[in-house]
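So that you can tell them apart, the chains are marked A, B, C and D in the order they are listed, and the count of residues begins at 1 in each.
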Amino acid sequence: MANFKGHALPGSFFLIVGLWWSVKYPLKYFHQKRKRSQYYQRLEIIEAAIRTLFSIIGILAEQFVPDGPHVHLYSENHWIKLMNWQHSTMYLFFAISGVIDMLTYLNTHVPLGVDRLVMAVATFNEGFLFYHHVHNRPPLDQYIHSLLLCAVFGGTLSIFLEVIFRDNIVLELFRTSLTILQGTWFWQIGFVLFPPFGAPKWDQKDDSNIMFITMCFCWHYLAALCITAVNYSLVCCLLTRLKRHGGEIIGIQMLKSDHKYQEALLGGSDEE
Amino acid sequence: MANFKGHALPGSFFLIVGLWWSVKYPLKYFHQKRKRSQYYQRLEIIEAAIRTLFSIIGILAEQFVPDGPHVHLYSENHWIKLMNWQHSTMYLFFAISGVIDMLTYLNTHVPLGVDRLVMAVATFNEGFLFYHHVHNRPPLDQYIHSLLLCAVFGGTLSIFLEVIFRDNIVLELFRTSLTILQGTWFWQIGFVLFPPFGAPKWDQKDDSNIMFITMCFCWHYLAALCITAVNYSLVCCLLTRLKRHGGEIIGIQMLKSDHKYQEALLGGSDEE
Amino acid sequence: MANFKGHALPGSFFLIVGLWWSVKYPLKYFHQKRKRSQYYQRLEIIEAAIRTLFSIIGILAEQFVPDGPHVHLYSENHWIKLMNWQHSTMYLFFAISGVIDMLTYLNTHVPLGVDRLVMAVATFNEGFLFYHHVHNRPPLDQYIHSLLLCAVFGGTLSIFLEVIFRDNIVLELFRTSLTILQGTWFWQIGFVLFPPFGAPKWDQKDDSNIMFITMCFCWHYLAALCITAVNYSLVCCLLTRLKRHGGEIIGIQMLKSDHKYQEALLGGSDEE
Amino acid sequence: MANFKGHALPGSFFLIVGLWWSVKYPLKYFHQKRKRSQYYQRLEIIEAAIRTLFSIIGILAEQFVPDGPHVHLYSENHWIKLMNWQHSTMYLFFAISGVIDMLTYLNTHVPLGVDRLVMAVATFNEGFLFYHHVHNRPPLDQYIHSLLLCAVFGGTLSIFLEVIFRDNIVLELFRTSLTILQGTWFWQIGFVLFPPFGAPKWDQKDDSNIMFITMCFCWHYLAALCITAVNYSLVCCLLTRLKRHGGEIIGIQMLKSDHKYQEALLGGSDEE
């Protein structure tokens, strides 16, 4: 996957998840304040299912692209396409994380917090593999990937904290912004290392390129913060307007349609 | 900005903020004890506005000084004045942090803690850019800047903890002292690397200079601690004396003048 | 112990402890929910005693194997078998940790949390000695041991957090999975560095071997997570089925048989 | 102070503090359980005063030993005795920490936790100066000092946690054991680098010496843990025996003698 598409695909994946979270968590937060956060369980399950699905697609893509390993790991004294295997492993952890997320909401016997722990592990694992991934490459290539690690390990820390400080909106928004950052940065890596549309190659050893890339990373995070902030305020405005114009209807309808579902779901209780 | 002024300016900025905080937080703490901390909201907003303003002035200065980039980033195959662009980026993050601070107090829909998170991010960003800033320079130059990172990353950690342990006076005083340290250290860097008043240049490769600078950094922190302690006790004495001499008047006047303002402000509520 | 057995033995030790924990903690968690967690004290004491015993066996084995130091440390100007002494030291810390665990449950004057602190110290100590253990070895040997440190220091952090967040099922399961990981990874090290059954030696300097080993470590952790999850759900199913078929009997019997014991034990109280 | 005495003196200082803490904290803990912990304030103040005194003696010794700098810092183009100045700086921070400790208990306006923060800063400062202290020395010298940093930074972390989790007996005992470790390790450094009694010098470049020293550090911590545990149980036994034999008398007498003092002291209240 060492080409433009190979970076655009995971980038889009993280970007979509990040954008979705930048809508979901504000929504949940405002409903929580009004004591109506229960019907987010179905949402969470659907989200986790989609994340799992995407991850499995990622695994299959890495394995069965024409120059992929096709599930062969070792033959004739050498390892086959370890790069693809490593990427598959990353996706596999995110798939497991998705499954655990679903289980946490479907089964009351799974302790709350396990979903966050496994998500933190999946994120750490991504960073761990990337860290040992980029030896023996040109400086800019190494550097631009190592910047990704800031986003990844920052995310790991933040998600791990959510094991203990669950449903903290600030930590959730932090995670959201770091996920968007990862998404846009993957795209940036693609543009820098494999310039599409016949753009000229970057000089991989030029110090001022590295200096620009450092700053560019900060700008990406700034953009990620802004996107998170804009979506947060859009959700806030929307809900306020709905409320003002007697628009609680939507909420009520959601509640109603969820009612039967919730009863089945909450046979047990989600006490912590 | 690689001259004396370029270090004195940010130094003064941090110093002023630090000194102000060393007065504000003790004041707030003593009023909190007497259940009268609400009217600090207006103060916080004014402070944040001033911080934002200073940051914007910083950005403009970096961009439009005679040898600045004048908002040109790339031309004729090379990056233009990346140093100035990096400094602008640092100021930009502090501006954003100021804006978010204002919003947190102006708008009850912004969750408490987001202001601290963004401040931590802005501080981390400063450290992050500095870290990748000083390659290929003489040892003393590198070293004296890397000491700054202790103050910066220590501050990042402390501010991040405030996301969870908000309004903890100890963390606030710690942050204050680290901010003062940053301020005085910027001045120290200026004096060492660009000696003003025709003082002789320091030998950049002398080991004993580096050894002295290490110790000097500790002394700066000691001074920062003392300044914080002195201001704390001054505030404490002042308030005690006012109280003793029937001087609650000031507090009451502040409360009154704020009353109408607060009502408008607190249409919602700042529950956490 | 630089042979296959020398890695298989500690590996089995950690594996057994990990597997046992993956049963114990879910059991305790489900009983806790039903307010019946007291009779786990006896279990904890037995477990700690066994851990202590195993550690002492480890010490004795390291000291009195034919080519061991036989409790001689220094003679004729050189240190004797420092490798074995270092391993003995590791076991010794785990023995101390076991003793403290026993004391915590036997004696109400030992503050809760000390057992976790000493366990964290023992784990840190293992990592500390390993870290300074593998200098001057071939790259793959160094690398495969350094991966172990991820599990060890991750465990240290997690156990240290338990000092403050005691009886948090998520942290306990995390610790469990990291212990299983250590166990299986010791076996992996044995297989890679000292291939048994006449298998060919690995090329210690081949980069792709290192790349595979990195990924392999992730797979081991995946396996450890799955084992933990499977055992957790088995315990969950078992308890649910027992409950459904009037099978509270077992629990009640355990309670009864423990009743007298508990009374003696809980002369004091385990308030925190 | 690069001689045996120069390491024996700080070693004794830390050892005495550590041993005292290993008695004080258990005492306080057991009295706390019986709601009688108030009269420890006088003890704390005396302890802090003694710590301050010792630190000042340390500063004076470093400055006015025959080959000391005698408060001259710079003359004729070179720095004077920076080593002694660095040591003075370390002692100065501990003196400040002692003063703040006293103030915390004497003055109710000083927020609780500031004493711990400043103690953490003093400890960090010690490690910070040591870290930049040992460049350009033989490997064993560097290594044996760097091991000290484990104790120092471990202590920093632990003390910083006490800002938030104050009066946690486990953290206090951890700090105690690390302080004892520092004490005994200073002595060990003295014995290794400046063998007294005409013992032969250690080979500073021998790898097996370094290997032994690593393990020796673990043994020191083991000893520190044992000392802490023994003192803890002695205090526990003593108090239990006193209680059994109607010996509450001592406690009561202490209470009485402290009563008047406390009233003066607690004009305010030590609410947190």
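Points to keep in mind about this one:
Keep this in mind: contacts are C-beta pairs under 8 Å (C-beta built on N, C-alpha and C of every residue); 3 or more make two chains touch, one makes a residue touch a chain.
These numbers come from a predicted model, not from an experiment.
At the interface between chain C and chain D, two copies of one sequence, fewer than half of the residue numbers in use are shared by both copies. For chain B, the chain whose average C-alpha position is most distant is C.
Distance from the chain A centre to the chain B centre is 32 Å, each centre being the mean of its Cα atoms.
Averaging C-alpha coordinates per chain places the centre of chain A 46 Å away from that of chain D.
Shared interface positions of chain A, defined as residues touching 2 or more other chains, are absent. Applying the touch definition to every pair of chains gives A-B, A-C, B-D, C-D. For chain A in complex with chain C, the touching residues are 78-79, 82, 85-86, 89, 92-93, 96, 100, 109, 111, 113-114, 116-118, 121, 125, 128-129, 132, 135-136, 163-164. Residue ranges of chain B in contact with chain D, taken from their complex: 29-30, 150, 161, 165, 168-171, 173-174, 207-212, 214-215, 218-219, 221-222, 225, 229, 233, 236, 240.
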